[in-house]
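The following blocks contain the structures, represented as structure tokens.
In what comes next, chain A is part of two complexes: it sits with chain B in the first one and with chain C in the second one.
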Partner chain A sequence: MFFSIPNIAALMNRYYIEYRQLIGAFFFGDVLERVMFFIAFGMGLGRAVAQIDGVDYITFLAPGIAAGSGVFIMAVATTYGVSNRYEGSAIWQSWLATPVRLQDILLSELIFNMLRATPSLVILYIVAYFFDAVPSVSGAILSLPVLMFANLVYGSITLNMGVYLGRMLYFRYIQALWVMPMYLFSGVFFDIKEAPEWMQVFANIFPLYHVLEVVRPLVLGRPVDLAQALISFTVLSVIFVVAFCLAYNQFKKRLFD
Partner chain B sequence: MNIIHAENIQKSFGDFEAVKGVDFKVPQGTCVGLLGPNGAGKTTTMRMIMGLSSLSAGSLKVFDTPVDKVTRAEKMKIGLVPQEDNLDPDLSVRQNLEIYGSYFGLEKSFIQQQADSLLEFMQLGEKANNRVNHLSGGMKRRLIIARALIADPEFIILDEPTTGLDPQARVLIWKSLLKLKDQGKTLLLTTHYMDEAQRLCDNIVIVDGGKVLDEGSPKELISRHVKNHVFEVQKPVPEALQDSDIDHEDIGDSVLYYVNNPDKVKHLLPDGITYTQRVSNLEDVFLRLTGHKLRE
Partner chain C sequence: MFFKTVYALWYRHFLTWKTMFWSSLTSNVFNPLLFLFSFGFGMGAIVENIEVGGQVVDYLVYIVPGMMAYSGMFTASFETSISAFARYYMQSYWDQVLATPAMLHHLMMGEILWASTKAMFAVVCVLLVGYLFEGVVLDWSILWVLPVMFLGCFCFATCGMVATSFAKSFEMFSYFFTFWVTPMFIFSGVFFPVDRFPEMVQWLAYLLPMTHLVDIVRDLSVAGVMDAGVLMMKLAYIAFVAVVAYAVAYRNMKHRIFD
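For the complex of A and B:
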């Protein structure tokens, strides 16, 4: 499976035009919800929880919200967004009648949505900074590429669910069985090391957990275990490649058979 | 040279065979019409040609290349007007052409030039900056045809380009398709309008139930199946006519008689019989071959 850079560039330009028109909707959808979570939990719950993992609760929470935000954005984009494009307006089919190929389309969907989710990460960090909740600014900046890659990984997984959305699967299932469990059990809101043992084991199946293992120390300005980071990166890369190929094959069957 | 050469192509969806072994050719520079009732397998066949649907069996060559090996350069030479309107809802009329052109990797200046001339060709200039969901059905169809022409293709596939349009819009589209033919383009067309097929197509392939029933030029098909004249005689049909060996078809309330020489029927019709007589056309061939029963 080879990708065509000119094809992907042409598609990215198309997405960018759509993005410019809908920038308000994207912005509010992506940013506001996350910021509200951050402020409500950080300020509200933060009062009750004095310290966690050696820092203020709101400081602990900031990288968690950042790492988790892409889970939602990518899940909606790769299910609703994608099914709109190949079942609703059927524009994928119009693209496939040109030299653009399925793999170019799938990768472009992931890259575009990853890019569009990135400003919301930056804004979240800026808000957190004003709440004095970003101990290491350089760590936060370094965490951005990690989170961008993580968003690609989340998207490649939910892309597999986009194939079935509308036909046999509802978004509620995706949300109940994948998005929410990952968000709640990966340690966004609490220190997973303090959680019951079964939960610590359970957390391992979620990419978000592995992402947080790298991102939280970065943003808190703590040393990152490089060996651990390398393992996380390898695992996430493998997940990405496998999920992408699976999604490609499923879409190929769905569209061409 | 044949732009398309299909031999025994088949397509199954699960247990259902939509295309059951179809053979046809599209010679360069001609317009071939694929005619058939709803569900005949026309769209499926066109999708297979575009590589949008895999073949279950058979051999399909596009520009002499097996369809699954078609190169980028060859793909650029094909323009598709799909049956369903799949314009990009987030783009303007002009953007629908220009952005589509970018998927072919064409030079920006070439695309802009093409977009300008196609907007004029399809009489969409005034709407260039409108969003596409504000267009009428006829304008959408014209824009989709313009879009299919953005890369200046040699071969254009049109799946029901005029279905649901008013007569003015149809005539406009016919004119533009005839212009394309004059430019030497090759066309493959499906339509439910037999006058359209008769006007535009050099060769016609009639399909039904996923099989080819017959093919030939409109003239050949007419003389082969319905002669030159058709008489529709209300029942009860006079005995002399019933006993004759004239080619005919019972369609319920009346019987159709096909003859080259109208006098042959006329002298068998006593006064007071209700009948109509006309020069036969492709519609008669179509109904004769595919039957008069309603589909889907």
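For the complex of A and C:
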């Protein structure tokens, strides 16, 4: 399995042209939804929750919303979006008739959607900055590559779920059984260390929890446990590689056999 | 004649839904369970002072009525927007119905009433889940909540119809969800009182029918009492939005299908 960089570049250009047409539905939807969640929960629960983990609630929330936003975007794009492209409009088949190979398509799907999710992250941080909710600006900038890598990992996982489930009808199970639990139990909205014991154990299975363990201290300007971060990074990389290979095999079966 | 035709259309939706009963039950029960666990237990551990009608309550008790209204709102909005649009645009189901003696009024009422019924199923699921985790007390005052919820779901279903009457493609619904459904999820008091927002945002929040519905449902199910005058005003507002939305949707649809 070798990747061809010119092919990927060509596909990225094609995605970009498509994105330009749909910018209203994509960009504003992505950005507004995150910003509204941030402002509403930050203000609304801010007064009910005095201090959490030693900071104001809105400050605690900013990295949570930033890390969680990619989960939704990647999940929808790698299930509904991908299925639409190889079953609905069958455009993958047209690409495969050119020198573009399956691995190029899969990787560029992941990279494009990761890049698409990034502007909404930056805008969220800017809004949070005006609410005085970003204690460490350099930490926030450093957290961007971490979150971009994390988005690739979420995408590779849901890509597998999508292709194994196969039919669009079943994709809502991915939302119900993977995306929502991950968003709600990984400590986006509250400090998982103050939650009941069973929830803390449960949180460990979600990548988002491990990403937040690194990103939240970064944005709050606290020292990051480097050894722990390295372990998380290794585990996430392994998940990404394995998930990518599995998805590749399954897509190969579906499209070529 | 009117009721008979509307019933026939409603019954058709019911028959298709029956084949998917189990998957629909799973998602209707599972989704609120997730929220109740996460917010009720996780968030509940750190939330200190939440009041309903002057008395401090558990956070779990606070969000169960909000979740009821939310799942009703979401189900009703989704059914008359994306699902109805799929029936109209992709399956040509509407054209087939209009080829029979049924008129556009019947068709729209059938869609809206079906969406409200489906939404009520979601509401009852949340109510039962909330009851199991002691987030709500089942007594006679709950009987008042259900008709109010039905009116609310009816209102949201007609609003979804307005979106359908304007939509040209499925992408258009992302505006409907970003500017209508999501604000009603986060600014209408599902998770926290509206009075925490600045004055301006509060005004906007009270324009949304959802805010009034959540107010009524929460006061009736937690405190058990509500000032009759205020209650009437809020109900009248919800009904008013429903009537206006229906008129707009009907006018648009008529234009679109027959002209």
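The definition used in the following text is that the second predicted complex is superposed on the first by the 252 of 257 C-alpha atoms of A that agree within 3 Å, B and C clash if a C-alpha of one lies under 4 Å from a C-alpha of the other, contacts with A are read in each partner's own complex, and residues count from 1 in each chain.
Just so it is clear, contacts are C-beta pairs under 8 Å (C-beta built on N, C-alpha and C of every residue); 3 or more make two chains touch, one makes a residue touch a chain.
Just so it is clear, the model here is predicted, and its values are computed rather than measured.
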{"item": "Touched partner set for A:P99, first chain B, second chain C, both or neither", "value": "first"}
{"item": "First, second, both or neither for A:G29, with chain B first and chain C second", "value": "second"}
{"item": "First, second, both or neither for A:G46, with chain B first and chain C second", "value": "second"}
{"item": "Partner chain(s) touched by A:E194 [first = chain B, second = chain C, both, neither]", "value": "second"}
{"item": "First, second, both or neither for A:R172, with chain B first and chain C second", "value": "second"}
{"item": "Chain B versus chain C, judged by how many residues of chain A each one touches", "value": "C"}
{"item": "Partner chain in contact with A:F37 - chain B first, chain C second, else both or neither", "value": "second"}
{"item": "Contact residues common to both interfaces of chain A (with chain B and with chain C)", "value": "22"}
{"item": "Contact footprint of chain B on chain A as seen in their complex", "value": "6-7, 10-11, 13-14, 17-18, 21-22, 89-91, 93-100, 255-257"}
{"item": "Chain A partner contacts - residues on chain C that touch it in the complex", "value": "26-27, 30-31, 34-35, 37-39, 41-43, 45-50, 171-172, 174-175, 177-179, 182-183, 186-187, 191-193, 196-198"}
{"item": "In the complex with chain A, residue positions of chain B that touch it", "value": "13, 50-54, 72, 75-76, 78, 80, 82, 84, 86-91, 95, 99-100, 102-105, 147, 151"}
{"item": "Contact footprint of chain C on chain A as seen in their complex", "value": "22, 24-25, 28-29, 32-33, 36-37, 40-41, 43-50, 52, 172, 176-177, 180-181, 184-185, 189-192, 194-196, 199"}
